[in-house]
Amino acid sequence: MDHGGAAWRTLSRIRERRPLVHNITNYVAMDLSANVLLAVGASPAMIHAVQETAEFALAADALVVNIGTLSDGWVGGMRAAIDQAVHRGMPVVLDPVGAGATAYRTQVATRLAPFATVVRGNASEIMALAGAGGRPQGVEAAHDVTSAHGAAADVARRFEAVVAVTGGVDYVSDGEQALHISGGDALLTRVTAAGCALSALVGACLAVEAVPLAAASHACALYGVAAQQAARTAQGPGSFRVALLDALYSLDEPTVRAGVDIQRSA
Amino acid sequence: MDHGGAAWRTLSRIRERRPLVHNITNYVAMDLSANVLLAVGASPAMIHAVQETAEFALAADALVVNIGTLSDGWVGGMRAAIDQAVHRGMPVVLDPVGAGATAYRTQVATRLAPFATVVRGNASEIMALAGAGGRPQGVEAAHDVTSAHGAAADVARRFEAVVAVTGGVDYVSDGEQALHISGGDALLTRVTAAGCALSALVGACLAVEAVPLAAASHACALYGVAAQQAARTAQGPGSFRVALLDALYSLDEPTVRAGVDIQRSA
Amino acid sequence: MDHGGAAWRTLSRIRERRPLVHNITNYVAMDLSANVLLAVGASPAMIHAVQETAEFALAADALVVNIGTLSDGWVGGMRAAIDQAVHRGMPVVLDPVGAGATAYRTQVATRLAPFATVVRGNASEIMALAGAGGRPQGVEAAHDVTSAHGAAADVARRFEAVVAVTGGVDYVSDGEQALHISGGDALLTRVTAAGCALSALVGACLAVEAVPLAAASHACALYGVAAQQAARTAQGPGSFRVALLDALYSLDEPTVRAGVDIQRSA
């Protein structure tokens, strides 16, 4: 299959249709998530209050729920938006930040996961969702992607969702098929909210690509290609973050076709 | 009238007096708003709790209220600060982010507008405040500035405020007179909170320039000149945002005099 | 004493051990604090809800509490985390942002200070904690560091903490001994949350260096060296912030040894 061409088509559709991505995300990730969405041509909105999330979700093209800086006041807004999304058939991305780090966030993540179209997390978070005891180091992965392959498939089947485990080589599974996505750069681990912003990008891809396995893998691949571009000129994590946004904005067809590396899992 | 010279005088006064600008703003906009204010030489503070906004507003030189990531807990803090500002005669800027997108934010914006010295928004938001049905696409404008000229004048008269509609060519109206401000760059639409940060800059200008029509147009013009400078070296939205702060910091008299383009509306 | 060598050892340990720094900090400072911690090799987490801060603090290596955008809901989370930290003997940094600016934040800062291992603030904040009437201009210092030397020693003795007053030449006191740390750059005052992010770095240093006077002075010195590096290429506050993160990431032994300037107070 021509994955590079398919990923390029997804990016082109985002630029053309400018999907409205409703983010209920953590305080740390809002800035980078919104800027990543704007860089690729999507239209971000950050609206979390229970008074308006359901109404707002009526107009959106995708919903991204991220539990990074969780508190009870926000969970109500998340639930109202998710109910609306489910009712409308709008795709939902769940980013279970820090699942496994505390009982509270493992519970909330587990309660929201059944409504997700795609769950994107690091290895420890996905292992925690699978009940596999993947306690992260704080909110960072303490495990590598490979050790979470089984957990990803389990979570995918249990919640009937596509699961994307991101890290060195990303792994995207729908419970039956799985894809490996290479790319990215180690500097991504030195920029706060880089994973959260990828979840936002998954939302934009889902808004224009109906097959969740394709949408999630395209998001990972496009992000990875942009990160590789950014790493060429970066002097460290500060300039890398700036260059990542520039690269996402500037991605062209030859770069995407040459850079996308999606492999079917054996 | 020598608008370039007047805008330069406003900027010079900000640098000299370092006005304290009290911002009750959304989570996404806090960082860029504070950095824009610091770049021009003002002193920003972000304080929102109802326990302290009224006391804090006693010491401030301008108040900026932005409803971006609204919730009920914050509205109380906004009201207390506004009451203090009105009592003291301190200028108030209202940024009605997403007015029209949900009933909740249209209501809150409409309740706060009567207390504003300047309302700054995009075309859709100002049309929503005018009751003209300007439903935005999420929190971004779905209309161009020209289509909101009438709504701007209406809102200005109804709330006895100056209204700044920003976009391609900004439009600032006090209900009788109006000004067109050219400048800026399309990359501003690819940086989250770029409009919100302009509202913060309006606050700094109001703190040193008593005529709201002048203060609002100077803010738009100075921001536009800096954006044009930034666009010269930017490779995309990441580097543009960085360069915008550098440019605001570095603005000098010849650049401002040559770049400011404020025209009286016919 | 070989302060340069000692500061280098502290940085090397952070890179090696990747301490988990639990931050309960303000909305404005989250992004830069997390990115500063990632740049030096530490592992940041931002978790504030009372449902989980005590549990999360069980796994952390240091706790940083910052009252910048204070509200009652957060104070409970802060208290629960601090109780756990005290129970475990984990070091606690307090950043009393805006103490003196309102009665509410002076009260909260004074209530939390007895639990701090290190208090880091600007001159006005430390004077306010000492009851010396150091009303800041908003959240920025209205006093220079020298005028707060006496207050720093008072606060250190009263709360049995190390106090770091940062500004032109930083001053770190444990109530008996004191150190002066030179370095930094004036552009630090034009970047929002630059002081808050230094408090986060103090947390990382405390996690690997048991003597609080040493840990606090190393944090100030390393930050100062990185800021000097960053200022060499910066065009203004935007590029300075980016270069500061790059410089923290890239600090090597010769640069640290040559740049660290810590002097015993006479």
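Note that the chains are named A, B and C in the order they appear, and that numbering of residues resets to 1 at the start of each chain.
Simple rule for what comes next: a residue touches a chain if its C-beta (ideal position, glycine included) is under 8 Å from a C-beta of that chain, and two chains touch if they have at least 3 such contacts.
Note that the coordinates shown come from a computational prediction; the quantities given were computed from them, not determined experimentally.
A.B. asks: Same or different interface residues for subunit A and subunit B, judged by whether over half of the residue numbers are used by both?
C.D. replies: Counting which numbers both chains contribute, under half are shared, so the two copies meet through different residues.
A.B. asks: Since subunit B and subunit C are copies of the same chain sequence, what is the angle of the rotation superposing the Cα atoms of one on the other, rounded to the nearest 5°?
C.D. replies: 120
A.B. asks: Would you kindly tell me how far, in whole Å, the mean C-alpha position of subunit B lies from that of subunit A?
C.D. replies: 32
A.B. asks: Which parts of subunit C, given as residue numbers and ranges, touch two or more other chains?
C.D. replies: Only 27, 31, 73, 241-242 qualify.
A.B. asks: Under the definition above, what is the set of subunit A residues touching subunit C in their complex?
C.D. replies: 26-28, 31-32, 68-73, 98, 101-105, 137-140, 189-193, 234-239, 241-242
A.B. asks: Which residues of subunit C touch subunit A in their complex?
C.D. replies: My answer: residues 18, 20, 22, 27, 30-31, 34-35, 38-39, 43-49, 51-52, 55-56, 59-60, 73, 241-250.
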